[in-house]
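As structure tokens, the structure follows; a few thoughts come after it.
A, B, C, D and E label the chains in the order they appear, each numbered from 1.
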Amino acid sequence: MAVEIKNRLDLAAKSSDYMHIAGRKIENIHEELLELEAKGEVKVIHIKDENKPLYAETLFGWKKKIPTNKLWHHKSCGQCGNIPGYPVSVLWFMNKLGLEYIDERNQTSCTAWNYHGSGTSNPVGLAAVAVRNWHRAYELGLFPLFHCATTFGDYKEMRNLLVENKELRDEVKKIMNKIGRELVIPEEIVHYSEWVHVLRFEIAKLKKYDLSDVIVTVHPACHCYKMIPEDCIYDKEIYAGKRTAVSTGIALALGAKVADYSTWYDCCGFGFRHILTEREASRSFVMDRKIRPMVREANSDVCITQDTGCTTTLDKNQWIGKAMGYTEQVPVMSDVMFAALACGADVFKIVQLQWHTTDWRPLCEKIGIDWKKSEEEYKAYLEELRAGGKTVNLYEYPS
Amino acid sequence: MPENILVIGGGPAGLHAANELAELGVSVSLVERDAFIGGNPKKFKYKFLFPDLQPAENVIGELIKKAESNKNIRIYYSSEVTDFKENGKKFDVTIKSPKGTETKTFNSVIVATGFEHFDPATDSKYSYQLFDDVIDIKDLEKMMGEGNFNRPSNGKPPRNVAIILCVGSRDRHVGNQYCSRVCCTVSVKQAIELKEHFPEMEVYIFYMDIRTYGFYEDLYWKAMEEHDVQIVKGRVAEITSGPDNTVICKGEDTLLRGPFEIPFDMVVLASGMEGGPQSPEMSKKLGIELDEHGFLKPANITLSPFKSNKDGIFLAGACTGPKAIVDAIVEGGAAAMNAYIYAKKNAQ
Amino acid sequence: MLNERPVAEKGEHIIARHLIEDDRIKEEKNLVIDGVDVSGRWNTFIETRVDSEYDRSFFEEIKKTVVGSRINRCWQCGMCTASCTVTPLYRRFNPRAFIYMMQLGNLKELKKYVDVAWRCVGCYKCSQRCPKQVNPAEMMEALALVVKKYFPEELEKKALKIDEDVKKIYEEMILGRGRLDLAKLHTGSMRKMGRSKELLGKKIERDAIFKMIKDGRAFSVLRLGTPPKWHNSKKAIDKYLKNIGTLEESL
Amino acid sequence: MEYDENGVSIVPFEFKKEIFEEAKKDFRYEEYVRGCLNCGVCTGGCPPHRFFDFSPRIVLQKCKSNDPALVWEMMDEYIWACFQCFTCAMICPFLNSPGGVIAILREIAVRRGFESAKRVLKPYSRVLLKLTAYGNQLSPDMIQPDFFPDWGPHIGYASQDLPLKRKAIPMPTLQVTNLAWDVAPETMKELYTIFDEAGVFKIIEVVDPSLYEIIMDIIDDVRSS
Amino acid sequence: MENLKENQAAYYPGCALLTIDRAYNNSSKMVAKKMGIELVEIPDYNCCGIGEMKSKGCVSLYLPLRNMEIAKTKLGSKNLVMACSVCYHEFTRSIQRVREDKSMLDGVNAIFKDAGEEEYSPDGEARHILEFLYNEKGPGEVRKNTVKPLNGIKIAPYYGCLYSRPSMYTFMGKKPVMDDPEYPHFMHEFLESLGAEVIHYGNEVQCCGGRNVVQDEETSFKLCSQTLSKAKNAGADMLALICPKCAGALDVNQPKIVEKFGKDSELPVVYLTQLMALAFGFSSKEAEISDMISNPLKILKEKGF
């Protein structure tokens, strides 16, 4: 039976100064990619100065270039369909920070959720979809930013497969020819949470509320840090460089307390197919392996995630816990949504917590956010729209 | 005029080689990067050596005393070889020490630059440096050498301890595919010492294969039969926070085919041995071959394990691969004899 | 061989259902929460199967017994199971695993095997071949002690109950009289198993019994008697068993 | 189909061999299945292992055994217990990817239209439809109380007044209800070409013919618009 | 106390041999006598525990050792001969356990003390009749005494488990020759000396499941049918035993086994000492061959006995 682990609040901010030994570990895919580019085999979407890149260290000590400007949003179906506050918060911050980007209709899903859930695709299909979307960013002269962790993981894998297999490249080139596109590969595959991570101190400057009383538990996304792990950000100032730093980084930068719990490494129970068709497994996993430890061990006020599926799974499955005596509840939101809350974004119009199942109101009250006022305003706004009013958009399509 | 022989590295192998050569009347120059000699056993304060659990001081202290008292041996502390040139069958070597730089001609050279302990901090799954109570083999050796058997986090005796084998060995993630040979034996030795100090403590060893080869097996049997050390088959996959200030080791018990998540007061990582940065450095400076594991490569691993691929340069000890102190000493002797023969032949 | 995929009673919508033991599936047939009908699969939960502690006290307990004194030696090489006479007949009978579970104090896992654990035939092949002289054959006796103490309810199940009852007959005879009356053992056991009718009702049994009566062997049993002064031994044994302070203690 | 007591379908050995060969022919197989030390680290971190008697170590061991019968044992149900979280691949000291092998095996099960795969995918067809017909896997109007009673009464909130609430989202791409975001028809057409070429439609035809018909109708509409 | 003479040995009969398996008891004594050793029964013997008392701590050790103590005090013999393999196992086990573990010796002696008996010190050995006759007299002596060789009879020797296993108990300190625990051969040699044809069939030391024969017929019958059919298929006319427990499983239960597993498992079973008695010139009546349920008399008659 789990017991409170109160003394582990300091763990996340622990630092360490070990040395990575250069030249060991897995071969660096980036060098091979550049070789292919030199041979004219592929085109590479480079991160240019105009992308205002910042650097972060990955698991084995490589420097990863994270572009922060001139980005092409590769949205996530789960986020847009289910947790709209998720992409909206990203755009909200981009506007706040005065960064350039494009969000458009010419983008498909990465199709990897379907693949990992059902197996109804193949590497050629996955890689072609990936390249199509990459090429769209390329032709606009922008760098793609991926919102979903599964997209991120899948695209990392597709990049590696494309770099390593000529046959696959040829297949994909053939398909690209048919749709009038080319084989392009981005220099780095970048997840929005990495963008948040490298800009976390900039973001923290926008902070409106004091979070020092808020205890946060972080749920890292498997497809972020477990798939192609060498590409993930680890920071020696965060968890002593032992756990992926994104999400924890922004929570710390915002001044919240990050508590450890015993099932940090566990997945959320999404299981791709399971969340839709076998929720028996998903909900058991959520309650037993994630929510209960988060509440019992860490007394957590909020669970912070970095991915679509995790947010949905952890949020939606708490209510049914009552059926089997799981009384623990904790609001769930992504790191960027939490940051937006802290920086004064509207609870309803921007962060859109109204779509969430678990009760997030006590958290708002703890932070000092007047959610009732927001709710009133939102209701009035809806009436306005119903009467034929126009949406106040964060962004308009480029003409 | 006596032969001049250079020994690089003042660990067990280098010291023994130097002592043997000095006995033969050779003039030995011993270059040591640290301010002391005795190598890793001295540096990390090893307490007892297997298999007979004699105090490390008896062995290492004896080697140091001999070297320091022999006037045929000149020891360069805190020094390094900065320049190395072949001069016919001889070698012109520049040694940089705090006292200055000097260039000498040597008839032959023995490389005994030893190994480095694998740093478990570079393998994230073990949470080393994240949890105070997760320590490694050399930390524990040092603690025990100082008479401290308590938990680093709170100074209290641990109720149970997990020892995790194959940390940094047999793992492609960290780039080390080889078996480090001695960690199993050191671990069972440490388990015995822990149990002797705290008989009530529970000690568990998580293993994939236990490789206490040869007579070292005696220690393994002793640990089980006399000290009730429990072995559990399964490598640990994760270490996380546990209740009451413990850390939880998670893994699969491959014999029961089920998951375990056990809280421990202290976890000891049996980190392996690596060639360290000094091996490629030697390879570059001396122009000798490096193997795919990051150690120096013997000319013929079976016939002449103590020879480098270059005539006149000999290898001894853990610079050619993980080995026990006794093997390092044996190789020191063998390298000394071969270096002496080479020097004698080509003295004119 | 089955013509249809086996369907479980609970959690039948879980694809890999046979990878979960039945008792780990929690499901309410009819359930309404907050006005929402979540009957059946909508409230199914699966319990985890994680081992979260090692119970060493259990190991110490076994180590104190005569039969289990070498439990600390076992290194799980599997020679015992490889040699075992019973394993080929009952795959789940695995001495190596039983010893391991006892070493780690994993009662939860052990309990799953109680139904086969008693089947050891005591042939000592395992003990002969064990490279560390753990004596697995006797470890199975230790296992019986464990079952008796920790899962007394399991002893009520049919096969185990018979084993236990027969053992009791042996015990009463040997400790009570100092000698064993094989005829009485046979008839007593048959009675315990509810097979008394077979004794004279079944031709094979009847033939053997008549044969033994005819050649006089049946009556020799009656003359076996009890060693003189056995009551002294009996008293000493009883005293020992009361105060032994281990799993072997008789209550 | 006949099944053994573990729910594994009974097929001739030759067929098992054929399936195993098909898996081995996949260009990723060699990279995913290198060697196995049987150390159990993969399973030690495996989330479904906590609930199912499912173990990536066993997956690897069975593949390494080179015994088609053992691999076949996993084809019906075993492979579908995996959560595809890739903890195993992250941690394996041999750099195997048991999760990746499972993806290959699932592909085969689906491509071949195994009964088990059909059973698994039946409730999944709505997602397949959205994805292949519109290039977008999920839509806000899919979350209906009927399908998600276990997500509680709040689910009702999402489905009430949905178009208005979607309209209130300050991103033009998101102001639709039948898709997660508004995908341009030209973009959909590109995707159809990709799926055609990669054989994805063919797979769906095998595994769910009626779904295939529906999808084709939609595609024809989009293509002719 | 009456000390034994030189050609006498202390003998532990055991419960089965005094009753149901009297044929084994009597033939053993007859054969030993013929070979020059008189087996003298110890008085006031008690049951060895027959393997069923192992869960009773030191009681399981006390039971056999009490008999060793009787042999020592009443007959002045440190050693004790017995014909039953189960008894043999219990005796050797007890002696070995108290020898290597002082705490167990103390436990046993506490019972001895409470019972008002003399304390036990582990200095003697238990001997199995086969091993005893082999080591004391040898196959040569057998051949010498054979007056009616068993020519033309194909015999499958069956040792069972506890005669030879585990060697850490059974053959500790036995001189001059130890039988092989995995491939015992003393009975082979005896049978050859008797003039019989020895059949090799692979199940010589396979278990008969006799220990659980009462409560677990299922297992025992399966094991027995394997052994019987293997021997029969190898061409054996009969199976020779050295343990009454094995007889319980293979002989007494044979009709049931045949009923369940078919005629393949039908094979006459006889004790080694009975065969020796026949070859030594005793009549089949004296050897009490008719006691066996599996009817070895028929084949013996065919072969001229």
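Basically, a contact is a pair of C-beta atoms (placed from the backbone, for glycine too) under 8 Å apart; a residue touches a chain by one contact, two chains touch by 3 or more.
All values derive from a computational prediction rather than experimental measurement.
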**Item:** Co-neighbours of subunit E and subunit A - touch as defined
**Value:** C
**Message:** If I drop subunit A from the contact graph, what connected components are left?
**Reply:** one piece
**Request:** Among all other chains, pick the one whose mean CA position is farthest from the mean CA position of subunit E.
**Result:** A
**Asked** Higher C-beta contact count, B-D or A-C?
**Response** B-D
**Complete:** Cα centroid separation, subunit A vs subunit D, in Å, comes to 21
**Request:** Round to the nearest whole Å and give the separation of the Cα centres of subunit C and subunit D.
**Result:** 45
**Asked** From the C-alpha centre of subunit B to that of subunit E, how far is it in Å?
**Response** 59
**Fill in**
Note: subunit C sits from subunit B at a C-alpha centroid distance in Å of 50
**Item:** Of all residues in subunit B, the ones touching two or more other chains
**Value:** 172-173, 233, 238, 250, 253, 259, 261
**Asked** subunit E: which residues touch two or more other chains?
**Response** none
**Prompt:** Among the residues of subunit A, which are close enough to touch at least two other chains?
**Reply:** 26, 265, 277, 281, 283-284, 289, 319-320
**All chain pairs that touch each other** = A-B, A-C, A-D, B-C, B-D, C-D, C-E
**Request:** Show which residues of subunit A lie in contact with subunit C when the two form their complex.
**Result:** 277-278, 280-281, 283-284, 287-289, 319-320, 322-324
**Item:** Sites on subunit A touched by subunit D in the complex
**Value:** 26, 75-82, 84, 87-88, 91, 103-109, 111, 113-125, 128-129, 132, 153, 161, 165, 167-168, 174-175, 178-179, 181, 222-223, 225-227, 229, 265-267, 269-274, 276-277, 279, 281, 283-285, 289, 316-317, 319-320, 349-350, 352, 354-355, 357, 378, 381-382, 385-386, 391-397
**Complete:** Residue positions on subunit E within touch of subunit C in the complex are 15-16, 18-20, 22, 44-47, 49-63, 66, 89, 97, 101, 104, 107, 110-117, 161-162, 165-168, 181-182, 206-207, 209-212, 214-216, 219-220, 222-223, 252, 255-256, 259, 290-291, 293
**Request:** Could you pull out which subunit C residues touch subunit E in their complex?
**Result:** 65-67, 69, 85-86, 89-90, 119, 121-125, 127-128, 133, 135, 137-138, 141, 144-145, 148, 159, 162-163, 166-167, 170-171, 173-175, 178-183, 185-186, 189, 193, 204, 207-208, 211-212, 215, 217, 220-221, 224, 227-230, 232-233, 235-237, 239-241, 244, 246, 248, 250
**Asked** So in the complex, which bits of subunit D are touching subunit B?
**Response** 37-46, 49-50, 53, 55, 57-58, 87, 91-95
